[in-house]
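Per-chain residue numbering starts at 1, and chain names A, B, C and D are given in the order in which the chains are listed.
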Amino acid sequence: MSDFNLMEDKLSNAQIAWRAAQDIEDGSYVNLGIGFPELIAKFQPEGRDVTYHTENGVLGFGAAPEPGQEDWDLINAGKKAITLKPGASFFHHADSFSMVRGGHLDLAVLGAYQVAQNGDLANWRVGSKGVPAVGGAMDLVHGARRVAVITDHVTKDGGPKLVETCTFPLTGVGCVTRVYTSLAVVDVQDGHFVLREKLPAISMEALQAVTGATLHTDGPVGDLIVPEDL
Amino acid sequence: MNKVTSTTAEAVASIPDGARVMIGGFGGSGAPIELIHALIDRFRATGSPKNLTVINNNAGNGSIGIAAMIKAGMVAKMVCSFPRSSNAEAFNEKYLAGEIELELVPQGTLAERIRAAGAGIPAFYTPSSYGTELAEGKPTEEFDGKMYVRERWLKADVALIKGQKGDPMGNLTYRLAGRNFNPLMAMAADRTVAQVAELGKPGSIDPEQVITPGIFVDTVVEVPEPQQEEVLVRTGVVY
Amino acid sequence: MSDFNLMEDKLSNAQIAWRAAQDIEDGSYVNLGIGFPELIAKFQPEGRDVTYHTENGVLGFGAAPEPGQEDWDLINAGKKAITLKPGASFFHHADSFSMVRGGHLDLAVLGAYQVAQNGDLANWRVGSKGVPAVGGAMDLVHGARRVAVITDHVTKDGGPKLVETCTFPLTGVGCVTRVYTSLAVVDVQDGHFVLREKLPAISMEALQAVTGATLHTDGPVGDLIVPEDL
Amino acid sequence: MNKVTSTTAEAVASIPDGARVMIGGFGGSGAPIELIHALIDRFRATGSPKNLTVINNNAGNGSIGIAAMIKAGMVAKMVCSFPRSSNAEAFNEKYLAGEIELELVPQGTLAERIRAAGAGIPAFYTPSSYGTELAEGKPTEEFDGKMYVRERWLKADVALIKGQKGDPMGNLTYRLAGRNFNPLMAMAADRTVAQVAELGKPGSIDPEQVITPGIFVDTVVEVPEPQQEEVLVRTGVVY
């Protein structure tokens, strides 16, 4: 255990996305945040029928079109070109966010700068400099039955991203229900982090050392095992 | 994803006693008569569901549909804007006898409260009913020099609605003015059951022409050549 | 003047509707309340293009179909069968009342039990007995640029319907802008009734005698002249 | 009823200095590029309209559309949810130099505030932004054990939108995801100007397939084969 190298042995983004994809249930409606979370769609397990929602008013979209085949009226919230699956639909922005706030989505998956042990999320700006932009993040954290985060376990300089209290500006209060990191799967429950899975190679102590708040357990901690070739 | 159920009986089988049930339609236009009658059949056979709160613009006409539910004794309370009409004896008699409760809501407020429930908006301000007895006890506030009443969202356990075309994902269109409350109720209930006149494959409805996206619908049942409430009332049908 | 007979010489409902129809401008969007106000559409002057709105989600409807040609999915708020004009549209109830409350209608015309000099309207119930029903009236009195009332000038037993203060339950506060009666055309302005037109045969004194609040004038009072054969 | 104007120049001719202007589209999808460029042409020729407040989800990309308006110096303030993007230098430079004001609004709140304006709802409660710096100074309230922020409607003097099919009554459809904010902005502005790719006769759009009923539209101008913002940005076009 002592030879675990935090930077070399952690999961790749693709592996984190793969792990998050395993929890998406058949028949669910899911919104994947712009960027890293969009990766999850690539790892949707066979045989599960998942309908993807995007804030700009499309339900039931599929993969990106072939290069050169883009229709720029048909994009997702990240402004990337998409395609439609049979049974897709279009609607305006107020209806789209009715789906979000109204509790109609089963799952929203977002990126994070910080997640606090009470479920607070900070993912829209890191300070007061530069041009702020919020998009749909403050809406997406409300309404979906589950709000999950996928993120590296630590910042680029090794600081914790799972913290007691967020120091960056909040996106939402007490909204995150599960975090998939490069080292572990952690639930937010009653104001605490509860560890569900961790990489077999990392010790509890080493994991706790790179986590900014106490990791509780309420039963056996599973092994976080993902395909190696991602 | 396949939300199709083969019979109206199955479609309404799990609605419990005491449920809050939204029923689409405006008068007979867009009213899901076959779903309502399936619910009455179940009540007659099993005694359930009873003590229902029914949310609809009206309170039934003649002796079919919601009026027949009321006559059968399944309805404890109506939430509606216009219970008074030419053939509303079923409701009128129970109401005047004190046997059914009424929450009277202005029609636009009723629509907006239902839409708010579906949109995750717990409360909003409307000018409607300000200064009237229907606003008594409700918070009021001035915005830009005009007075408004605060209204709460209106949710339901189940919505029974009527579409024209449907697909297995739950996408719906509506026929003519039969749209009315149906798309709103689909958003506002924990579970939405839609009867459709035509059931097609996924993709059979142009994505630009979908009125209710499937995310708002849980169960779809095909009822080809559905009955029209107004015709049933005019021909004196008793259910 | 003294030989004016209030019951015999007053305007018929059709004549009141005709007068109201003359004020509907070309290109306007209009909602006519259930019952008596619906009559107005019959007297729309030639050459004026008016689009009628009905609360249950239709814009641009026309006359009733021939008997036997009714499609009962195509009705108005009074649940009467209608037809469509080219360029009509359907929408759900929330969008329909957005048109009403959002100030998109140029005119709503309603019936009345009482209108007060400050524009208060009572038209939905006369007491606490019977089955109450409100429909869209409380919404229609808000949002339309002009809210007009058409009504007999007096009740069946001769009492005033234009009053200082409504005694029946209110539909809306300070909402009426003009009243077309069987004897006169009266505006509501700054908390007063201002007489615009009256039947030539009735004296000011006789008209005031059957009106429950002071009729003001702020200029010449016109003659209320309508076709006799209606 | 004929709301058709023959040129984009006429369509935008009366927009005054200081106007609040809603512009439809999400990124390049559904963006009324030709109307925006007609407005820029007018500003270059006459110096008006200037000091505009522009309401859009974004703050322009590249050197065309809203970005070109900003570069031209017509825009005093942006109201948007996501001004930061890969080609948003036009806004970024002015913002960081303190030469343009920004009101940042969560995307769902932006949509709902615009819809509320169109629907005559002066204020509503939303969970979005509760507990964040974007809710500072706004009233909050608890409903059913959850906290919400009160938001006000967002109105405009003019909306510039892009439809696919249109008719002289102002009825509109939209192409694919180009719908986005367009139908909402049509409701929320005192005056709505729509460019459409195809202009047909009244009745050419099936009444069941109208997305924006004509009552929300004041001016229609046909722009066949409209340009696509994304293509213009990618090919480096400078307007």
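What we mean here is this: a residue touches a chain if its C-beta (ideal position, glycine included) is under 8 Å from a C-beta of that chain, and two chains touch if they have at least 3 such contacts.
Note that this is a predicted model, so its numbers are computed, not measured.
Here C-D and A-D were compared by C-beta pairs in contact; the pair with more is A-D. If you average the Cα atoms of subunit C and of subunit D, the two centres end up 37 Å apart. Subunit B and subunit C have centres, each the mean of its CA atoms, that are 30 Å apart. Inter-chain spacing, taken between the CA centroids of subunit A and subunit C, is 57 Å.
Among all residues of subunit D, those that touch two or more other chains are 112, 115, 119-121, 126-127, 174-176, 207-208.
Within subunit C, the positions touching two or more other chains are listed as 90-91, 94, 97, 100-101, 142-143. Taken chain by chain, the contacts fit none of the simple shapes, being neither an open path, a ring, a star, nor a full set of pairwise contacts. Screening every pair of chains for touch gives A-B, A-D, B-C, B-D, C-D. Interface residues of subunit C, counted against subunit D in their complex, comprise 27, 29, 49, 51, 53, 59-60, 84-91, 94-95, 97-105, 142-143.
Those residues of subunit A lying in contact with subunit D across their complex are 55-58, 71-75, 77, 79, 90-94, 96-97, 100-101, 120, 130-139, 142-143, 169-173. Within the complex, the subunit D residues that touch subunit A are 26-30, 57, 81-85, 88, 91-92, 95-96, 102, 104-112, 114-115, 126-134, 147, 174-184, 211, 228-231. Looking at the complex, you find that subunit D touches subunit B at residues 112, 116, 119-127, 141, 143-144, 146, 148, 152, 173-176, 207-209. For subunit D in complex with subunit C, the touching residues are 1, 115, 117-121, 167-169, 171, 187, 201-203, 205, 207-208, 210, 213-216.
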